[in-house]
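In what comes next, chain A is part of two complexes: it sits with chain B in the first one and with chain C in the second one.
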Partner chain A sequence: MNNQQMSILILDDEPIVTKRLKPSLEKKGYYVETFTRSIDAITRFKQRPFDIVITDLKMEGIDGMEFLTEVKEMRPETEVIVITGFATMDTAKESFQKGVLDFLAKPFRLSEIHEAVAKAEKKIKEKKAQN
Partner chain B sequence: MEWSLKNIFNLFKRTKKISFHELFDHFQQLIKENNLSLEIIADMGEKLSGEYIFDRHYIETSSINLADSIYKMIYHLEAIAPGKYSRLLPVYAKIRSDIEEELKGNIIIPEGNYVLPYDKINDEYEDAVGGKNAHLGVIKNLLTINIPDGFAITTKGFLKIVKESNIAGEISDIISKWEKGDIETSCASKKIQNLILSIELPKELVDEVNQNINKLKKRYKNTALYFAVRSSCIGEDSEHSFAGIYESYLGVPPEDILNKYKEVIASTYSERAMEYRKNKGFLESEIAMAVGCQKMVQAKASGVMYTLDPFNPEQERSVIASTYGLGEGLVSGKRAGDKFYVSRTYPHELIGMDITYKKNMSQLNLDTGKIERMDVPDKDRDKPCLTNEQIKKLAQIGMRLEKYFKHPQDIEFAFDMENNLIILQTRQLSIDQKKIQFKCDLDSIKKRFEVILSGQGEIVQEGIAMGEVYKITSVEDLENVPDECILVATFSSPLLAKAIKKVNGIITDIGSPIGHLSTIAREFRIPMIINTKKATKILQNGQKITLNATDNVIYNGYLKELCYYEFNEEKFEETKEYRLLKRIYKRISPLNLVDPTGNDFRPENCKTFHDIIRYIHEKAVQELIDQNCYTDPKLSSAAVKLKLDIPLDLIVIDISENAIIKPRQLHVNNLSSMPLKYFIKGVCSENVWSSSPVGIGFKSFMSSMNKTFAFDVADPKFIGQNLAVVSKEYANISLRLGYHFTMIDTIASDDPNSNYIYFRFFGGVSENVKRARRARLIGRILTEQDFLTDIKGDLVVGRLKGMAKEETLEKIMVIGILVAFTRQLDVQMTDDKTVDYFAKEFHKILLQHKLGNSEINL
Partner chain C sequence: MRILVAVDTNPYSSYVVNEVGKMAINTWSDITLLGILDPKKSTGKVEESDLAKSLLDFREIITSYYPKGECPYSREEIKSFSQIKDDVYVATGKGGLKTLKIVIRKGINPVQEILNQADEDESTLIVLGCNKTNKCKWDDMDVPSKVANQASCSVLVVKENKTPKQIVCCLDQEYITQNSLELINQMVTLYNAELKIVGVAEGESLKMRVENTMKNLFMYYLKQDIPLWLEVINSSVFPNFVHQMSQDNLIAIWLGPKSFLKKFFPDEKITTLISDAPSSVLLLR
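And now, the complex of A and B:
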């Protein structure tokens, strides 16, 4: 897996979320960067493309929905996973319309995010193979 | 319904009695809220496993939802019995406001504000007492390892002095000037320290410290007391080691403690400390200092242990440096001592030692409190200062600390004059990351190991454990659990909890993530997975395995790299959110009110939300029963008599929302309530009566019970009818069989986390000792049936939760059989041996009914 290490950007304004997700995903062999402010995340994304983005929805500043919309516009092949503590049908619907791959309500199990990331990875690899 | 005290006090002004229809409706709503609140509690408990990612938002919403749900229960109980239970309100308001304070970040200290004795400290109070003190509290109170007696002065003292006193403004001015670089560190440090040393300490703090000193004086009447006064800073013991940065004082007499306290507080602003924090990027606003006051130990020998030799990590050994007397010089590295190398794995063989010539030792002079140099007797100078037993004991305790704190430890210890091992301090061993590579390419290493199970179970507590498999198949096995094994059992029975301090990990075939054993495993941070379905079948006794309860995998052999890898990771137990949830959970979940017949079953004694839930539920059912539904013509339409072959006069009230009005008699087959159906199946099952101890038939027994029941001799609490309040998944069954009182309250639904059985039994006509024997018998049977059991005199309370629907129903049937089996049994319990005899008889009956647990279900 390491010859084609997947890169993941995580954005959540609660530091506990990024703090726990980072080592857990690194252990699985992914390259991970984390942000608690959307403005920093978007700046970083402009500098360096990421294969997978994991983002919260409700945050101060640019909110998650805006952030992921921008990510998808800049780089449509990036797979986005939404994690939120305010899960509603409407936000879920809107996320999927924007091309979000998966939608997890907080709290979630680490194994659930691993599965979602694995799904994203598979999809990216399949697309690459097609091209 | 908006929460406010005013609202509910208005509600309590009403006194009007309501119609049965309304009463019924309130009861139904109350049960709904009851179940909802228990679900929230279960959910919060599960989040403590480490497997979940949760944030503050989750803790806040769960706490508020729970509080609201309980508020509604109070409201419905008030509607059912106006004015009768108004004392619940202040109790509820207190717990709620404590939780709200916690959510705001204000830690509530149990007694007073400024001082917490070590026997009250656990890791939830880390923000109040600092890392060093919190660790000592955990070691003493949870792991039951000796530490010095004493107390902590909390960070509230520091905050009061530095942030709220008349010098606070001056201190903050100096700090901001220093941060801007306007003044030198040495100048700022001197000014702040002088300010602190000149201040008069808050009276409350002085009083609390003196109270605690007096308690210790009483406890150690005949010995001169001297203290070690040590710093315990917030964040000191985790990734940033402040070792030796702050002041510590030894041999401090009681009257000097407050002065030394001030000096330690002042040392927060020593030049060195300020520079250190600046370099490490600490914010001055984040600093808070607590202080530990520990009774000095007279030591035969003392020293330091590193649970992993940091110079030769590949050798898999711990290293101990020790000398006679006190270890002060040794700890600071000024003096050489004996060195011992011990294997990290059980049984911790001594691998090597390096003995020095020890001419002198330090001892505490009990007259002066001074530490003096003394000669070591000639004959001992060349000998190792620790015996093999002492080394082994130390190695074992060291590894326990490493496992609990999930990182190699740097431990200061002493053996006192009575040969007790006392832990003076433990902290993360700082390891040169250049020398030791904890992080490695796990993938390639894992490939070398056979995977026994992967992704099969459910994680109860995250973590990595290695050890030999020990399977439990009987109660006797439980007596012989070897140290540092991996316990493997069929079910996560509460019985296993007694081995928790010996085991490295737990694996079960089935179990409940919210049951008693799971709670205990989380408390002790013992890696545990349940519901593997087949662990007992595929794991062999003595097999060396690695349990990876973080990723839910079991490997054949010891995968040490995984264990080391984990050292490097942030411990989820140490995150602020985890500690907050744990603190709040402690105010929510423990159940203290178990005995509804006891004098202490009162609103004032509710310490947690769970207590309030239990209290309300109990009283609501009581109120409903007291309505005498069947005889009251107004209520009779809701109550139906159950038609049975046995003369059990049972009235059923179905509270399902669309329960239609039923015929006057209801046949068992037509019962929509599954729990009631299984209970009745148990009560009426064949053979229970023929093989049971009373020589009279069931029918005559039951009828005799009903007939001999005389109002003038019975306690009023036994009067009333046999009543079952049920819905499809719920049943509350209250039976008054003569002088016996039995109650079963249960939910059996598709969601295991909602399911529980609460069973209670008491009363009888014989003398106390026989009734107590029967209580022991019932208690034993319940325990063997995986119930968490409490016995008090002739009262037995059994609780079971979190099982799947089918298993719950089966247990309800067992309870039915038990109720029938134990009728009038107290009369037969002539000596203690009968407890054994009848327990075996009961197993035979279960066997006849092919109920899974005819053998003890472990």
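And now, the complex of A and C:
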């Protein structure tokens, strides 16, 4: 991983989702790590910061909402994208109240994730340029 | 999720827009409202057509589902359409977290125009409506059933403003796509409906495989904390079963290119189901 490369952490309890996203984002030049258990994702996030987090909401143990809350508390500059198979008005509202950048209901096209990640990357770079 | 909503100026299109409004408030999907103008019948400016006025009203309906300040779509007033290529006109407001755009395509074949727009948008779901009383036609054309049969993405044909109590899904036992499961999950969440999954078996050996797949589905939904009913039926009764279930429930059938359900439920039967079913029909891909 080089200094310029954006890092992405993906958390989804369904391996089929992480297996689909990882290669497509790596092909775009991002450094990607994937997790299917939120406890492992939190442990890793504490070890090293990630620029972008993509997280599912409905998971066993620590759910996605708790996870993203913790991520935002630990590192507010990390941009979070929510992906969910059980979208509701409340989860969408709560996600944005907690400062997520985008909310994608499943099923989604890879191009939707690419667009959301590109938006996050642009925002991060703009913030860095300002500082 | 990207939803393409194909509408015309008939009242059933209002039902469709209301259904999409409910979906959008949960999913915050990107939405394209599409209308097709017959070039022979429309000679004036696109924005002056009845269709354009209906599309603008439909946009208002979708955004009206949100309280002030919470709408993810732009509410900016639209005054004109931009021609983006031959016979394709687009209107969208500035800003907004999510896209809600209006597209008018001029063409003599509405089915092809809808399919072209779905391909260009990479739509996840096409939603369109029809009237129960006229065999689900658009001005005597089989638009909904042809779109349902020919689209490469999932298609929801909305028949009326009715919340289904049960979603009956007939899924292929050989190859169930993640996309189709995810779309079912969104529908179950949206309607707070019971979920019934039906496996279709042909012969004893296939029955065992079907039952195995059902076990896996049961485990999947148990993990998701979603209660479900499971049923295995013989392929010989499948068409009748679908007909019966479609009377009161939202019926969902997986019809991907690898689906063996096509064998028992070819295009003609889909056309009949869409024209005769009193309830909405979801074709999963």
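Definition applied: the second predicted complex is superposed on the first by the 128 of 131 C-alpha atoms of A that agree within 3 Å, B and C clash if a C-alpha of one lies under 4 Å from a C-alpha of the other, contacts with A are read in each partner's own complex, and residues count from 1 in each chain.
Basically, contacts are C-beta pairs under 8 Å (C-beta built on N, C-alpha and C of every residue); 3 or more make two chains touch, one makes a residue touch a chain.
In this text, all values refer to a predicted model and were calculated from it rather than measured experimentally.
In the superposed pair of complexes, A:D102 makes contact with chain C only, with no contact to chain B.
Contact with both chain B and chain C is seen for A:I16 once the two complexes are overlaid on the shared chain. Using the contact criterion defined above for the overlaid structures, shared-chain residue A:K27 touches chain B, although it does not reach chain C. Using the contact criterion defined above for the overlaid structures, shared-chain residue A:S111 touches chain B and also reaches chain C.
Contacts of A:A87 after superposition on the shared chain: chain C is touched, whereas chain B is not.
The residues of chain A shared by its contacts with chain B and with chain C are 14, 16-17, 20, 85-86, 106-109, 111.
Interface residues of chain A, counted against chain C in their complex, comprise 14, 16-17, 20, 58, 60, 85-89, 92-93, 96, 102-109, 111-112. Chain A meets chain B in the complex at residues 1, 12, 14, 16-17, 19-21, 23, 27, 29, 83, 85-86, 106-111, 113.
Residues 47, 51-58, 61, 442-443, 455, 552, 565, 569-570, 572, 575-577 of chain B are the ones touching chain A in the complex.
Taken together, the chain C residues at the contact with chain A in this complex read 1-2, 25-30, 70, 72, 97, 122, 124, 178-179, 181-183, 185-186, 189, 223-224.
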